[in-house]
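Shown below is the structure under consideration.
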Amino acid sequence: MAMVCLSDFEAYAKKYLPKIAWDFFAAGADDCSTRDENILAYQRIRFRPRILQDVSVMDIRTKLLGTEISFPVGIAPTGFHQLAWPDGEKSTARAAKAMNTCYIASTYSTCTLEEISAAAPGGLRWFQLYIHRNRAVSQQLVQQAVALGFQGLVLTADLPYTGKRRDDVRNGFCLPPHMKLKNLEGAFEVCKMSPPFHSLLDPSVTWNDIYWLRSLTQLPIIIKGILTKEDAELAVRHGVQGIIVSNHGGRQLDGGPATIDALVEVVEAVQGRVEVYLDGGIRKGSDVLKALALGAKCVFIGRPALWGLAYKGEEGLQEVLRILQDEFRLSMALAGCASVSEIGRHLVQFSKL
Amino acid sequence: MAMVCLSDFEAYAKKYLPKIAWDFFAAGADDCSTRDENILAYQRIRFRPRILQDVSVMDIRTKLLGTEISFPVGIAPTGFHQLAWPDGEKSTARAAKAMNTCYIASTYSTCTLEEISAAAPGGLRWFQLYIHRNRAVSQQLVQQAVALGFQGLVLTADLPYTGKRRDDVRNGFCLPPHMKLKNLEGAFEVCKMSPPFHSLLDPSVTWNDIYWLRSLTQLPIIIKGILTKEDAELAVRHGVQGIIVSNHGGRQLDGGPATIDALVEVVEAVQGRVEVYLDGGIRKGSDVLKALALGAKCVFIGRPALWGLAYKGEEGLQEVLRILQDEFRLSMALAGCASVSEIGRHLVQFSKL
Amino acid sequence: MAMVCLSDFEAYAKKYLPKIAWDFFAAGADDCSTRDENILAYQRIRFRPRILQDVSVMDIRTKLLGTEISFPVGIAPTGFHQLAWPDGEKSTARAAKAMNTCYIASTYSTCTLEEISAAAPGGLRWFQLYIHRNRAVSQQLVQQAVALGFQGLVLTADLPYTGKRRDDVRNGFCLPPHMKLKNLEGAFEVCKMSPPFHSLLDPSVTWNDIYWLRSLTQLPIIIKGILTKEDAELAVRHGVQGIIVSNHGGRQLDGGPATIDALVEVVEAVQGRVEVYLDGGIRKGSDVLKALALGAKCVFIGRPALWGLAYKGEEGLQEVLRILQDEFRLSMALAGCASVSEIGRHLVQFSKL
Amino acid sequence: MAMVCLSDFEAYAKKYLPKIAWDFFAAGADDCSTRDENILAYQRIRFRPRILQDVSVMDIRTKLLGTEISFPVGIAPTGFHQLAWPDGEKSTARAAKAMNTCYIASTYSTCTLEEISAAAPGGLRWFQLYIHRNRAVSQQLVQQAVALGFQGLVLTADLPYTGKRRDDVRNGFCLPPHMKLKNLEGAFEVCKMSPPFHSLLDPSVTWNDIYWLRSLTQLPIIIKGILTKEDAELAVRHGVQGIIVSNHGGRQLDGGPATIDALVEVVEAVQGRVEVYLDGGIRKGSDVLKALALGAKCVFIGRPALWGLAYKGEEGLQEVLRILQDEFRLSMALAGCASVSEIGRHLVQFSKL
């Protein structure tokens, strides 16, 4: 079967992954309405394509906090890559480096940060952090990430507790015995997932902890999980360098807005003071173009990256990225933009439907 | 099968209840459009979740007219609980007490008010009243409720006649011979249900009858069935203590608004002068949060309580309440609220769809 | 099978009528979108029901141009009733009289006007007219209707040519040999239906022909087929006594508005100068209530009357009318109205959906 | 099977064409959302039909840049007609001439321009041009079209690269060996379709190339692919004689607007300075009427023409055009318009849905 678009990878993963793993990756909270809205919302955005622009030379590169990447799509932090492919996050790191883009490695990786670094030396990587009740654990992870050359620190702020994902509860989801959350070994008992698992995360984290993180490192801090202008304003005031508009793939609070809808108010509030990114619902190159037209500097893919891994590991993920890259370039050209800098709000309108 | 969410109880009840009982509980008037809208309307409300709030200590308690309950979900008045479980309303009373919440016992109970009281002494209970053509019957019931320690009187105001529930007509629904409307024995012949049944209710009741009720008791009067700002204003002027925004689960006038939609105009009209509650369409903890964000002090569940009873009687109903409680607490935390007092209008927006 | 609501009659008719007859009655033009919109549009109208009104004595009578009818639902003009029931329009006339409402007999009846009159002497009837190229034919019909005691003249104005009803074309629809358009015998050859059939109607009819009609009779003239405020204004200026907002059951121009939607602008334009009625999409008593709330004085049913005939002739049609009557009375009571005069615009709102 | 409406031809073509050809004709870009929107958008437009207009004499003729055609529907440029019918574009030319309308012959025809001209001498034809990297090829084609009596030059401006049509990629679509792009023979290698195929088109074309085209010929220049007011304004300023609002049948940038939606802003921007046409989504005569009411001078059909060819070649296409003509005439009459000049913006409104 030819892999023509990202849905082909999704179908493959659904067919070949163990049900418990597929369910875990696919899960949304409660009725999954926010998860599904992340995708549906793109259909309500219409392009206003311009014609007769010289698009013979296309430049789709962009910069993340000053570092160039090949196109404005990175890898969002997701956990447990070994559930998708034996080499786990090492494959992810290799694919991201090969495609010259950014990989945000999750605290909940099944490889150590050292392994990830060693797998693809010199790749652009950020480290995603959950703050634990035992702050020493988090501090140690941050320092390790710094030492290993990670170039950004992504604080996930929308998981004081884990969302209710019905299928995971039904399946009694937990990691298979041979997989470990290697970055947390010793810090707590790994095999008990879900609510007890996350009881080690600190639900008392507040904006003031941004200052504590800042005290640990000079790395740029990116905050992930912002959906309102009020929180966007607070993020800027607390000195972060970037914001990821995210609803955790619809896995946390069901009933929240699609990220592409929330992006509008966040971008308007931020007024260019920090970079704004987005994850959730990206399935086609034209989705990327819509997000950039609405003000995102870059988007990150979560589930599609896992489907790519499930298909053929590092090679599969590269294929996913390459398809997105081709589609993004083509969409840009057909919309009349020869470089990312030409993309703007004028390119899209919200459908009255 | 694990009972993970309220839909699981619904599926169980549909499978195991006799069809005639299931149909009676599930019935909506005419095309059931209002019944279904009660649920669909929640999907058009989107959260605006706030992050990085300290939600380590969650307080989900609230007060109903000054009396504390464990969380803002009570049991709405529904009839004929023995159709769902042999112990009928006695089980309902026990579950409500165990979960420390309010149970509104229906005039159309299959247990006497004495039995209900004795089953769960000290539980917070309100009594739901229909006004009969023979006012002495109603007066006697009110006095009995007062004597038994019921703490509120809920006047159902949207049933001058019974709505047309097609399946009940087709099924020729009536109570099985061994069940009785025990609070009304002697007052009228029980076995003839539907239109003739309700011909003993008084369709001439008007706002002035609130004064008559007030003359019978000092209990707080709560009026159930309000859907407009005009009637909300009238209710306040007539001295009620509370309003339940309700369309009788979509069983009366088909084509009326979803209760969560009507709540907005009622809350705005009432301006905090009396407490406003809601029933209809609550299926998840996040629905409760949406209702509170729009101004409800508490919500009441009807059909889900019956599903819980049908599953395992008092234990099943407790399970339903516990799930709602857990989901509500989690939704609050994920929306950034540590206590009920932090919930407000800013938490939600109406989707343009 | 119990006949509980109008859909039951529809299902019966679909099952038992010959396909060619069912298709003819059910047909809409082109994609049938206007036919279907006639029904869907009611779902976008929400009641604002009022409670605690004295509805112990219900008065659902109304008047059509001064003549009292038992409730505001009459029989719209439809053709070929013998396709539904052997006695054809005679049964229709009997049922309408028995239920004390108005029957608009069609030019395209399969009984003569004399037969219709004789079947139910003294019944309230209006005569529906198509203007033929040969004006003498029309003039003679009008004079006959006057002589037979018809009390109104309904000019159908939306059929200069017949709409394209795909199924009729596929079926090669024409009347069976033993049925005749008895009011037109001699005037033209009956057995060739569809386009050729209607080629005898005059597509050059204009507003001036209202004056010609007026010259023939002093009967009230009601114009059927108005969908815009502009035409409503013209109708009033040309001295008609009533307007039927109609799209011919969606059988003429596909893509036109639902009649309940068009009613709003017509009522607003007319400002009470003439009576405004509606046909199309009435399937429940609550639909009647919505139409009256939006300003219709009365509604007329087309297809449901035919389903009633197909079920049991005059008796079946009475059953249809009785169900509508009961539902209308109940809806009124549940909305808080004890008489038709209390129904008003405040009772409804248009859903944002 | 009777061919009653255009969908019948679609069903026929889907059934009898080789899958690879059907897929190619049916294809839309990516998720085909724009392709489908082209059709769905018509359902959101409602007529405001006027009654009692004299429609006994109907005049449905219009003029394209001064040349009369029998009704405002022409044949849009589509490629590879031999995939639908052995005689290919020769049949198309004959059908268009027989029906006295305009045929826009595609650069990607499987017959030469000479063959097309010879097949139907004297027919009204425009030539559709893609600009090649090798401008000499394009120049030669333009000069040939002029010499052969083509009366307009249509520049397709929305295909700097080919859109991603998933089925074509999966099918490995290319022309069968016995078909050739005869107008381009010698200019490049034909058998390799899709991306490589179009790599010979020039993605550097800009508005200035309009001046180059003008330098080649005095023929009217019509620009195809405009979807915004900004580009409409630019087109007028660059001296074109006509604009075709088009999204290439949804085959280029998925996520763009339906053409009937884009038409509104283009017509408003153009203010009558040049003629505005539309293609995409026309399936019924009433669609044509809606487009004209919103300001289009004429519409063009793409896929329906191919379905007609697939059905019976020139005869089938005539049947398609005749059905559209009959439906358009009937829709006009039912909307109260006796001639094209009476069609205007007042005839339609956008549904709130």
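The letters A, B, C and D name the chains in turn, as written, and every chain counts its residues from 1.
Simple rule for what comes next: a residue touches a chain if its C-beta (ideal position, glycine included) is under 8 Å from a C-beta of that chain, and two chains touch if they have at least 3 such contacts.
Being a predicted model, the structure only gives us computed values, none of them experimental.
Shared contact partners of chain B and chain C are absent; no chain touches both. Both chain A and chain B are touched by no common chain.
In this structure chain C contacts its sequence twin chain D using mostly different residue numbers, the overlap staying below half. The rotation relating chain A to chain D, fitted on Cα atoms, comes to 90°, given as a multiple of 5.
A straight line joining the Cα centres of chain C and chain D is 42 Å long.
Taking each chain's centre as the mean of its C-alpha atoms, chain B lies 60 Å from chain D. Contacts with at least two other chains are made by residues 353 of chain C. Chain pairs that touch one another are A-B, A-D, B-C, C-D. Partner chain D is touched in their complex by these residues of chain C: 30-31, 33, 44, 157-158, 160-161, 163-164, 166, 169-170, 202-207, 209, 225-228, 230-231, 234, 252-257, 353. Interface residues of chain B, counted against chain A in their complex, comprise 2, 4-5, 42-43, 45-56, 284, 286, 290, 326-327, 330-331, 333-335, 349, 353.
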